[in-house]
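Next, two complexes with chain A in common: one pairs it with chain B, the other with chain C.
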Partner chain A sequence: MVKYIAKRLAYALLILLGVSMIIYFLIRLMPVDFIQDKINAINQGGATVSEETVNAMYEMYGLGDNSFLGILKGYFNWLSALARFDLGTSFVYGLPVADVIFEHMGISFAIALIATIFEFMIAIPLGITAATHQYSLRDYVVTILVMIGISLPSFFFGQMLKDVLALKLGWFPASGLIDATASYTGIELLLDYARHMFIPILTIVILSIGARMRMTRTNMLEVMNSDYIRTARAKGLKESAVINKHAFRNTLIPLVTSLAGLLPSLFSGAIITEQVFDLPGIGNIALDAMNRGDIPFIMGYNMFLALLSVLGVLLADLMYGLVDPRVKLE
Partner chain B sequence: MEELKNQQAAPEAADSEAPLDKNVRLMSPTRMVVRRFFRSKLSILGLVMVISLFLFSFLGPVIYTQWGEIQLDESGKTEYSIAETTYTVNGVEYTLRQTTEKYLKDNFLAPPSAEHILGTDNEGYDIFVRLMYGGRISLTVSFIAVFLITILGVVLGGVAGYFGGAVDNVIMRLSDVLMCLPGVPILLIISTILDASDIDAKYRIYLLMVYLTFISWTGTARLVRGQILSLREQEYMVAAEAMGYSTFRKIFKHLVPNVMPQLIVQMSLSLGSMILYEATLSYLNLGVKAPYAAWGTMINIISTNQDILQNHLNVWVPAGICIVIAVLGFNFVGDGLRDALDPKARR
Partner chain C sequence: MAKENKNYLSGKEIRAIAKANAKEMKRLEAYKNRKAEEHEFLSQMKSSENILEIEDLHTFFYTEQGVVKAVNGVSYDVPKNAVVGVVGESGCGKSVTSMSVMRLIQGPTGQIVDGSIRFKAYDYKRDEKGNPIPNGADGYEMEEKVYDIAKMPIHEIHRIRGKQIAMIFQEPMTSLNPVFTIGEQLDEVTFIHTPGATKEMAKAKSEEMLRLVGIIPENVYGAFPHELSGGMRQRVMIAMALAAEPRLIIADEPTTALDVTIQAQILDLLQDIKNKIDGSILLITHDLGVIAEMADYVVVMYAGKVIEKGTVYEIFQDPKHPYTIGLQKSKPTMSLDDGTELYNIPGNVPNPINMPDHCYFKERCAKCTLKCSGDYPGMVQVSPTHFVACHLYDGVEDNG
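Moving on to the complex of A and B:
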């Protein structure tokens, strides 16, 4: 087991190395004078990007030297900085990139976590009823509804909910995270957060229920066709016991495994939803950074996401071995 | 079995002298799949949705030529604004109402009328016509992307699965790396690169989707590889070997056609997600840029303009509905195909 994990960790590092090469290559494709233009635009916009920051970035990425050796040197420079968790300094914020990421990660994480909990709570029962009543009216209605959910573009649906629930009915605030005019404390502050996050979370939940529900339904159907379910029925168990005790527990295996795969999406931020509701989450920050040419930030953000997905894959594999004793890790 | 029994009642049934295959109309596997596909109402609905969107986008502009994609309605528009000022002179209140009449060149934000079926947008373009042109872009781009992804995935997955060993290792490790690349953020970088290198606004989205194919072939490749790994142990492959066929022929004539069912399902499902991808990129102003139309681009305006979001639903809702119809249609068709192609499905 320990040997397996060590092997997988080494492999994960190799993958990250590959990802870093691709991301570095992409950044080298950007013409240097374009970067200069963007920096000038930030300077004109009021903020100041200090000469030092810019020079530090040029040095970090080895920009300007376009010979093969120069690119190679630049890459290893950047990589060694990366190994020391030095992601450079963000142009727009004037802070180390890692600090900016961690500062805005919390809000994205909170939204994603709550949305994921609701998603599981709604999708799993739906998937089970759809499977136990296969080809019934209920199955069709649930399937069609979640299909519509899958097919909705997040920006369109988010804006629609915002228009109806926030702007037309006025039940919820349209954007932002807190009410800037009021100064709440304690429980009131928490309620204010909840009011602001209601529509974004609703959007994410409705859009993501579909995939989870269909996954549950497929697994459940597979389990319901297996021999031990027939045996359970044959020995006269109540249908509810068959479903809840014998079938459902076995559908949990892929569900729990997929939990580990969720790791990246918990921390990476929902770019579109955060943009629609103007939430200061990490996705929205990254989008803004890209539009303004904040290269150190966007590089750091991409590496951060890659790290998350590598960890997600690793965890999912380990989980699989833990949850299902039939799977042997080698 | 059900399938075969239905076929017993052949047209010229009574002839007992004739050989068996005269009395039984044989059904090819393809026909059986087609039959099963059309038995599901959802797949028919999906097919109708997709086909009508195609007709709307590709034939629409040919039939309805009143307006063009980037043709402004310059019939003019008068805008009134009323300013009210209150004066108090000797305790008596006077209200001064000043009406300003402004003549504008373009007839923008016009409500739906006979002239403009869905009205005009904030620039003065006809929304109905732009929906058609937007559909052309969205559908074409998605088809190209899915086509390229499939070709790349089949070739790489086929080669990896057939040869195994070092070739397999290299291709699969590459796909591991690509799978860990974040999707939209990487496209943000690529889009900036495209911005920097002055590309015609019209062709930007195509280039972007080509880049997208370079990082999205992994799913298809894995599917093909997995299938081929199990198929190459089958007896007919030994036979192909004995016949002395070339490797190319063995892979692409004998192995790949057997993966086709799963591939077709995957393609129709990924068409839906590609449309969503394209729309999202255009919404973020990274894909098709104004003045050209795409469904996502037509919704982009509401991210900055609250007035249109609230009061001019005709500007952005139709584009969103088109996206939903397209994605839902492809998903229904994909699901129907999966059920129809699955030999285990008993319905």
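Moving on to the complex of A and C:
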């Protein structure tokens, strides 16, 4: 087992190396120029910048040489810094990338975690009911409702919920993370967070239930038609025990595996939802960094997600071995 | 019925079928899920010798192409302490009949439409509220009562399944739940059927059952199904069926999926168990050899109907129905070593959706007479225990 994990981690390192190289080259080839934007801003302020200063700035940020060798050199500079656990300094914030990521990740993680918990808690029972009452009215109603959920674009649905629940009804604040006009502490602060995060979380949950519910329903249907369910019934088990014990344990296998695959999405932030509700989450920040050509930040953010993805896959395999006795990890 | 013979359905026909099916399925599902007092599904046996009496059973499947009458008026009895073999080719309804007895037909498409399945159960005596009455010692008061399984609401069926009738399935490879150990799955039977069973009691019972089927419990009790071979799994299935000491065991092609040496072992085991337990076995197979070896009575089915039934001696020594005769002839024998080809019955089973009104075997029958184009033949009694549904014997009835 330990050997297996060590082997997988060694592979993961190779994968991450390849990923970092691809991402670095792609970012450097992006049609965004942080220095040019900065100079344009200075020019608009009335001042002029000399050619020499511009060149010096390009050199300072390590963006002077855009030839293949130049980019390669930049990549190895980034890599050698990383070997010293240094992700570099964000162009936009002037702070270490790691600090920027960790500062904004909390809020995104909290939203994603709560949304995921609700998603599973609602989608799994719905999927099971739809499967055990296949082709009944209940199945059709549930299926149609979640299909509507899947089909709604988040920028539209989030905006709509915001319009109705926040602006028209005034039950919840429309945007932001805390009430800037009040200074809450302790439990009141927590409640204030909860009020602000309610609509974003509701949006994410409604939009993501569909896929999970469909997955549960399909798995459950497959399991319910298997021979061992017939055996369980023939034993004299009541239908509820057949479903909740014999069928559910088997439906759980792909669900648990998919749970581990969610690891990166817990930390990546919901870019569009965070935009709509103006939340200072990591998704919002990452989009901003992308638009402004903040190369160290984009590298740091993407590598962080790549690491989580690789770990998520490993975790999924380990969990598989845990829930399915037929799987042996070697 | 009088539809022209074509291979496709028009959109209009498909919609008409779907509408008619939906209506029937809704009615039958409602009947299946209804609430009912016990007396509504209690019945009386025709003969006290029998443990199971199937009478005029109709089990249909409502498919998109039309209604498949998989079991179409089947009647047969299983006497106490006897082995009844049901033979017939694939799709003749022999398995569907046994599934109907266990009420394992997959709804809403599959439904028991008509008929009765009377079973003499040895069940708890119940008070007015339907709870078992304790008898003071460590058990409950028991009594014999006859249930009509076809009329039971589906949520009452756990009174029958496992405890009264147990089933051994055709596919040992997939019939055990892959995520639970053999021990867990065996113990469950005791937990379900013995009120107040403890973990130790269940384990002791499971180990006893494993030993009975020739397995050393220490090796298998904690194992997962995938760690066992097909033959071992079928032994486990048999142990599971025996664990609650049922009065009737239905073995639905228990040896079909196994290789020949294992088949022989499993048959020996069933034979052995037949002598050890105080109950009956309903053995469903398409293997005449198995029937000859195991059964006391034989039921021959064809296209959803019983065409002949009698004692094993009568069916093998004096088969009456041309189909039974054909089946006997198509059995390979070792003596047939003179280069002659193995006999096969010409033609095919008619389309199950549009069954003809006359005898279903008419097109394939060598002894067909003019009468065979008329009504479907009724059951003719040719001896006290021998019945056949064929026009050839229409006049013979009175001498039985």
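Criterion: the second predicted complex is superposed on the first by the 289 of 330 C-alpha atoms of A that agree within 3 Å, B and C clash if a C-alpha of one lies under 4 Å from a C-alpha of the other, contacts with A are read in each partner's own complex, and residues count from 1 in each chain.
Criterion: contacts are C-beta pairs under 8 Å (C-beta built on N, C-alpha and C of every residue); 3 or more make two chains touch, one makes a residue touch a chain.
Since this is a predicted model, take the numbers as computed values, not measurements.
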item	value
First, second, both or neither for A:55, with chain B first and chain C second	neither
First, second, both or neither for A:310, with chain B first and chain C second	first
Partner chain in contact with A:135 - chain B first, chain C second, else both or neither	both
Residue contacts on chain A - larger count, chain B or chain C	B
Which of chain B and chain C A:40 touches, first, second, both or neither	neither
Contacts of A:228 with chain B and chain C, given as first, second, both or neither	second
Contacts of A:244 with chain B and chain C, given as first, second, both or neither	neither
Touching partner for A:326 - first (chain B), second (chain C), both, neither	second
First, second, both or neither for A:236, with chain B first and chain C second	second
Overlapping contact positions on chain A, where the chain C interface meets the chain B interface	135
Residues on chain B engaged by chain A in the complex (per definition of touch)	42, 173-174, 176-182, 184-186, 188-193, 195-197, 272, 276, 279-280, 283-284, 296, 299, 302-303, 306, 309-310, 313, 316-317, 319-320, 323-324, 327-328, 331-332, 335, 347
Touching residues on chain A, where the partner in the complex is chain C	135, 225-228, 230-239, 246, 249-250, 253, 323-326
Touch list for chain A against partner chain B, complex	14-16, 18-19, 22-23, 26-27, 29-31, 34, 135, 140, 144, 147-148, 150-157, 159-160, 162-163, 167-168, 268, 271-272, 275-276, 286-287, 290, 293, 298, 301-302, 305-306, 309-310, 313
Residues of chain C that touch chain A when the two form their complex	102, 104, 106, 108, 154-155, 158, 160-163, 166-167, 169, 171, 174-180, 188-189, 192-193, 224, 226, 237, 240, 244
